[in-house]
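Note that the chains are named A, B, C and D in the order they appear, and that numbering of residues resets to 1 at the start of each chain.
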Amino acid sequence: MNLAEIVKEIVAEIEPHRGEGKVADYIPALACVDPMKFGIAVATPDGECHSAGDADEPFSVQSISKVFTLALALQKVGDDLWQRVGREPSGSAFNSIVQLEHERGIPRNPLINAGAIVVTDHLIDNGDADAAIELLLRVLRDHAEDQSIDIDYDVAVSESDTGARNRSLAWFMASFGNLENDVEVALSAYFRHCALALSCAQLARAALFLAFNGEDPVTGERILTPQRCRRINAIMMSCGHYDNSGDFAFRIGLPGKSGVGGGILAIVPGQGAAATWSPGLNEAGTSRVGALALEALVARTGWSVFG
Amino acid sequence: MNLAEIVKEIVAEIEPHRGEGKVADYIPALACVDPMKFGIAVATPDGECHSAGDADEPFSVQSISKVFTLALALQKVGDDLWQRVGREPSGSAFNSIVQLEHERGIPRNPLINAGAIVVTDHLIDNGDADAAIELLLRVLRDHAEDQSIDIDYDVAVSESDTGARNRSLAWFMASFGNLENDVEVALSAYFRHCALALSCAQLARAALFLAFNGEDPVTGERILTPQRCRRINAIMMSCGHYDNSGDFAFRIGLPGKSGVGGGILAIVPGQGAAATWSPGLNEAGTSRVGALALEALVARTGWSVFG
Amino acid sequence: MNLAEIVKEIVAEIEPHRGEGKVADYIPALACVDPMKFGIAVATPDGECHSAGDADEPFSVQSISKVFTLALALQKVGDDLWQRVGREPSGSAFNSIVQLEHERGIPRNPLINAGAIVVTDHLIDNGDADAAIELLLRVLRDHAEDQSIDIDYDVAVSESDTGARNRSLAWFMASFGNLENDVEVALSAYFRHCALALSCAQLARAALFLAFNGEDPVTGERILTPQRCRRINAIMMSCGHYDNSGDFAFRIGLPGKSGVGGGILAIVPGQGAAATWSPGLNEAGTSRVGALALEALVARTGWSVFG
Amino acid sequence: MNLAEIVKEIVAEIEPHRGEGKVADYIPALACVDPMKFGIAVATPDGECHSAGDADEPFSVQSISKVFTLALALQKVGDDLWQRVGREPSGSAFNSIVQLEHERGIPRNPLINAGAIVVTDHLIDNGDADAAIELLLRVLRDHAEDQSIDIDYDVAVSESDTGARNRSLAWFMASFGNLENDVEVALSAYFRHCALALSCAQLARAALFLAFNGEDPVTGERILTPQRCRRINAIMMSCGHYDNSGDFAFRIGLPGKSGVGGGILAIVPGQGAAATWSPGLNEAGTSRVGALALEALVARTGWSVFG
């Protein structure tokens, strides 16, 4: 299989669709991104990264960061995490508060906003959000073997400035005692990790361990137990794309996570990790062209986990 | 891998849990099933079926039948099916009507009751529910290479007698024009296919094609296109266990479908198909001991699709 | 106060609004009603009926009939009724099924469709829907002192033919054991009483007892206890207009009930009963011009119960 | 009618029920109130106040204050208020957030928490919550002819300390642009007016204008237009007791407002204003014994607006 060739073909294949979808516009920093951008990268266990298009340009990973905070939280607190967040698809939008009321402040899963705030809350000791973010950055830089990875602080500030809905979710959970830290402390870390800027290449490389049972196949470092790794993949499959998670599983058949910055991360167990970037979103907040590109990747490689 | 040995070990392993859970009691025919029953069968592409416990005793497959009607409907009408039923997890109970109201009579997916009634409706031509059921029986007998497979008509009659909730769902969809046939015609077929009686061995054999891209590996018969086969597996992963679908993916990591008769079907792409039977259910209607047995199977075989 | 003059002034006042709103079109018999029709009638305790416009032309009273079946059911079964139906506003549309699921088949109040079906079910003994309807007709004719009142059977048949949503509601309640009679028996009576045809004058006269503590002020006949009469008025105030009941109380300040045939009944405790008819409806199913006319009536008479 | 006698009889009548219900315990200042307290007062247009029991002991009026802020806001901004808050019963608990999501941040009515926060927000100019509270206090003292009325600042601080759920509601509305002031500014005024401490006698006197078309019958001062006064009464009737508003209308038949401090205010158009206090609440947050006392009052006086 010639992945270098395949990613080039995919760039050509999506060409007629470039610019489709609606760029997220709730903060200026996202709204002004060029909608014609497109990048794809596939990291493989031999340490190679096959990429094409704008695969080396950092973008705001937004919700994709929730996968990495989930991994960190499971490393840190283990299965106690599941006392405070579920693992079922929500059947609702990413920022819905309805189920929180019916289910007494326990979010459905760690990949919707409410759940990710709870996960982030677990990463913060003694109210020190900065330390939690530093740890996350250190870990991501190590995984990606790239010390240049950083947060886009303009985006982080904008997230906070426009974060009323997330504040509502956080206060709602706080009212049920489901946050350990002050609401603004937890959100301060949450807004920052959503503002992480990574390129497709960095993202695919940083997530490679998820395709190899929790062990980085290049460095040999064990990051998670095989069981926890499988479970993160399962949660991505069930819940990674809000209320179009089922459609993503149906069309692409890989565990994945999308972000409103236009990125999608997809894990191919035993094979590698793929990342795409195209800012235009569908109604559920998943990159339209990115999903097309991943469909094309699976069609060419046969990488669906479903046969 | 010695599957014959593994299934025996699993019978021993679940022994302390036998009888756990609550047997479905909404119809007498289910309520009087012995809660201590347990069977497991794994069908493999070489035509073998490795089984243990009560694996040859037919039980009421109930909702597991929805997988086979979905396959038939996709063969018959293709992607037009998705005009009338979605493919997203519902986040709700199997018989919930709430989303139908918000989403104007279009059920979330083909594996909740409302969605399965729509799928069944597609199988019926000219109001002839009997012909649809005959076709389903013929197909199942062929897939399972066992002409003795049949419907338990006592169960079918009981289903209909106690079918008020399903009638409500069907009339609700009818009010939005989402049924082609008369409500009682569609339900007549629905109640009968839910009353199919298969053993674990028959069930695993009948579903084997789903593990091999839609082609029966024993007979070589192509039943579905590879793409449709993958998609059915994806829907089982996302939606196969109602509001504990996410937990099933998390714990077991295989596409599957549970029924309130206590059966679970699990597909292992490229390897085989497994079926378990234990009547006691968890709160969401999935067999408790059956899920434990499948966890044990995955632990011993490494068969999770997630790594 | 010269009511004869006032009703004439109101006809003039609403003239510029005639034809506003959207005529119910779910059955042909309603859809073909002339949208320019307008009638108003006010029955007073001296036996007079002050009317203007099309006040003597019978129209389909639809949900207004629920007030009379409620009165009959309270006479028949007393407070046991409240075991099977609530008395809270639903905050939802007239035909919503969502709350039924959350509240296990007990409708919120007797004036939404589900609640009215339960009320009707109480009126039927031994499965004899015909007898229940005969009783209702006899009672209405007596109250209105007009033996010509009847059901429009064309409308009743159409209601049944298009009654899928009501069938869904009824089966849903049946699934929780909240119907005594067969679903089709209960609905047969329900569809017929909704198809009652009364003129504004007949309607106002028939409901006059509700303004006088349950006693007909003309004949002196006691129909209900004062307490039950007050309670029916309270329920009309809280729940008489589906999800615009609050707005009706806010604007008009009288207990009332609207029907999708364009009629509105309003009770003025101690003064009389008013009925209007104008087929165009607002989004919640209340007659637009009828509500304007009642606002004008209250402005001229000071009849709001709120001061 | 001897109201002095009637209120004494009512104290005797409720005696066997004293202490029933559950005292609000979400803040210590409420939790430690003696559950055996009971007071009743009826203010009449002649300037008299007929009272019995603990009618002169100030208690935390909590949500009853929402009636006075609503009156003030209507005086200040008029019907523009209805752009940002509805007037329909919610059918939900006082602090529910579900409808806010479905209805894009517009609360159902001014008497649920979310709606009252919006109303309070209207009272605040230039972010000066203190000025808004000073105005409210001045107005209440004038209405009640009692300059000693004040806020219980311990309660206000506790409300704020435990105000996570209200913060969530406020941020949710802010995310839809439905608050003019900063969330904490609006809440600062909201928590303080909920902490107002009035006795039954003060409360009945302060609300007397609502029974007389907006004019204080003792001083002759016009406070509201008759129309706005009627409308406030209508909203109290439809929405004054959260999800048991319908039951209150059914049993008592008067516009009213309950607070979790155990108070209930009831308006008798044309007759007077009544207030009761008994700390034990029913499941919906309305004083159990207070509601019984008002039922007894209406039974003795025939004061129901429904006949």
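One rule holds for everything that comes next: contacts are C-beta pairs under 8 Å (C-beta built on N, C-alpha and C of every residue); 3 or more make two chains touch, one makes a residue touch a chain.
Just so it is clear, the structure is predicted and the values come from calculations on it, not from any experiment.
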| request: Provide the labels of all chains in contact with chain A and in contact with chain D. | output: none
| field | Most widely separated chain from chain B, with each centre as the mean of CA atoms | value | D
| task | Please work out the Cα centroid separation of chain C and chain D, and write it as a whole number of Å. | result | 32
| field | Geometric centre distance via CA averages, chain C-chain B, whole Å | value | 47
| How many Å are there between the centre of chain B and the centre of chain D, using C-alpha atoms for each centre? | 55
| said: Touching at least two other chains at once: which residues of chain D meet that condition? | reply: none
| field | Chain-level touch network, classified as line, ring, star, complete or other | value | ring
| Which of the chains are touching one another, listed as pairs? | A-B, A-D, B-C, C-D
| task | Report the residues of chain B in contact with chain C in the complex, numbered from low to high. | result | 96-98, 100-102, 164-165, 167-172, 174-175, 183
| query | Which of the residues in chain C come into contact with chain D in the complex? | reply | 86-92, 99, 108-109, 210-213, 226, 229-231, 233-235, 237-239, 243-247, 249-250, 253, 255, 269-270, 304-307
